[in-house]
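The next part holds the structures, each set out as structure tokens.
You will see chain A twice below: alongside chain B first, and alongside chain C after that.
Moving on to the complex of A and B:
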């Protein structure tokens, strides 16, 4: 059985657990605990270890979805998971204090994945706060020395279609960056 | 059959065995030219129905009549196929049907209302634009493009057919109201007969759906060129996608995601993109037209001359796994869909 790991990361309250619940075909194994940072993010519980979900592709392949805890004190776990990951979905809630900085933070934390095109960003809760827009995110990313081309979408983590679209975009982007489909020549006329 | 392609059916209504056999053979030959999987079916489903050939006085020959039907049985296009027909006539017929279905998909009603307002999307006003404009999708796209280039803040733009409003764009809020009549656009592809700007929001109905204006620009862009480049997209240029379309608010398919991934990496010529993504050139142009109307592409003079011949698919080490994974994922979710 080949297993492919996709990570879902992002700040607390971005919807990582919900996103995995939308994608997973098995009940999500979650490690929720009471939120001790309720003054910062208004939610009763938060993930303290990992969320886990999976998508079976056929008899031989399975996608394992790991939601990594948003609090930075758990970042030692990111290193462990990063080595095994095919790609990373970063979710950032648009109504958090510094959403632009959150994105570049995770891009830097998972630089090796990002450099091979394995990172896609989903901006959540933009229905509650429209600004910053996608253009602002891209501008911020480029100001931080990144080239364009990273997929960024506004998404609702409860919407399975949005999550599937992100997953496809992530893998298609990795494939394209790897050059798998980039050896076509044409004749002139 | 490829799981990542849409599946459309061909159903014969009285047409003879010989026509069916020809179609079956041609579908196999044509497999690389079409964007969908076409299957012969006995039961009605989304696809085309081909009726037994009759003499057509206008054409001066026998023709098969064909209708493109949606899953709801709605006829969205009609065409004729000569009897007998050649391969290229059949390819053109199939491609036209695919374009009709693509348009139909682009106009499918959304289930969610205004999920978000892209900050950098259309923002313009109605000042100086109160004339009624007669035209087609291209005229509409040109007007939308012109509006986008003038930063203003308020006003409405309504699109009507036969005096029925089909869409009203709120320029100030980057949204548009999609009226139930929008389905008329499908049957009247090139005869939008009123594009009008005004100050008030116009009549509203309970069935109207409010969506981000990018969604309407996307539709107009997909329709504007009818499979060919719009005037502001020169055919000899290479195109770089400056950023991914926000697919969560745009009707899209897997091919569009593939094209976006390829176009964000480097400037690419449409013909090359067609080969890489194994998508018909008409669909490639519809995509380029749409992303250009959203202001997401940059046209550049191609750096390298066109050289050899045909696609040479090869797999490099390291991404075979991702390609396989992607294929299986497509299959997995195509089954669900």
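Moving on to the complex of A and C:
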């Protein structure tokens, strides 16, 4: 069985834990702690180590999904979890302070995954704040040196169909980029 | 959620309890009390970056341990201990509060005594917490 490790990254409150809960076919392993920064991000709990879920592609292929903590102070977990990943989903909540900068920040932090695999961006909570739009994200990402025509979606992490669409777009992105180089297998595990 | 790490009185009281532990337990090198989401309340000993890194790591380790306990249906986590060549690390939740104490002890200390000593300090910190507005 081939196993592909995909990370879900992004700022606190973007919906990473919810996205993994929507996608996973097994009970999600969560490491939630009470949020003492409630004045900054209004949610009761926050991920402090990882979220873990699984989804089968077919009889032989499985995706292992890891959500990383959003806060910078947990970046040691980012370095641990990125090692085996072949793909990255960056989720950003459109109502956060600097959503464009957050996307490129997380893209840069996980540049090694992007180089060897693929990346897709999901914009959440755009129903609460419409701007910036997808075009603004594309322009900002392009200004920061990305030229691959990266897939960007507006998504609701609670909606499994949205998340499946984004995941499969990521897998296609990984395969097309691998095919463009040496047709390597998705799996690193 | 009560911002434990912003309560100056509590920080001072916790620092005093950590100092007391180091007095009773000479092998203790570093001690910290952190919120369950990784913010430092108090530290004792020679720590880089005011203990912020250790605070975050303690939070992650505690949460991972609890996830394993849940997975194996082992009930509530009591403490978490690591034994290494040069000493031991013990992490212990502070009662029902969203706080964790972590301490390192050099190799003069047995793990059992380190846990015993820490438990007494955790009880004392619980007593201090009852004097604050913090709710369990």
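The rule is short, and it goes like this: the second predicted complex is superposed on the first by the 168 of 189 C-alpha atoms of A that agree within 3 Å, B and C clash if a C-alpha of one lies under 4 Å from a C-alpha of the other, contacts with A are read in each partner's own complex, and residues count from 1 in each chain.
As a convention for this text, a contact is a pair of C-beta atoms (placed from the backbone, for glycine too) under 8 Å apart; a residue touches a chain by one contact, two chains touch by 3 or more.
Computed from a prediction, not measured in an experiment: that's the story for all the values here.
K.L.:
Which holds for A:5: it touches chain B only (first), chain C only (second), both, or neither?
P.N.:
Touch status of A:5: no partner.
K.L.:
Can you tell me whether chain B or chain C touches more residues on chain A?
P.N.:
Between chain B and chain C, the winner on chain A residue contacts is B.
K.L.:
Contacts for A:73 in the overlay, against chain B (first) and chain C (second): which applies, first, second, both or neither?
P.N.:
second
K.L.:
Output check: A:63 vs chain B and chain C. Expected answer is one of first, second, both, neither. What do you get?
P.N.:
first
K.L.:
In the superposed arrangement, does A:177 touch chain B (first), chain C (second), both or neither?
P.N.:
first
K.L.:
Once the shared chain is lined up, is A:81 touching chain B (first), chain C (second), both, or neither of them?
P.N.:
In the superposition, A:81 touches no partner, neither chain B nor chain C.
K.L.:
Return the residues of chain A at which the contacts from chain B and from chain C coincide.
P.N.:
The answer is that chain A has no such residue.
K.L.:
Which residues, counting only chain B, touch chain A once they are in their complex?
P.N.:
112, 114-121, 241-244, 246-249, 252, 254, 257-258, 260-262, 264-265, 269, 271-272, 275-277, 305-316, 318-326, 328-333
K.L.:
Hey, which residues of chain C end up touching chain A in the complex?
P.N.:
Those residues of chain C that touch chain A are 1-5, 35-39, 52-53, 55-57, 59-64, 66-67, 71, 98.
K.L.:
Taking the touch rule as given, give the residues of chain A at its contact with chain C in the complex, in rising order.
P.N.:
29-39, 44, 46, 48-50, 69, 71, 73-74, 76-77
K.L.:
Any idea which chain A residues touch chain B in the complex?
P.N.:
Chain A residues touching chain B: 2, 4, 55-58, 61, 63, 86, 126-127, 130-136, 138, 148-156, 159, 162, 164-165, 167-169, 171-188.
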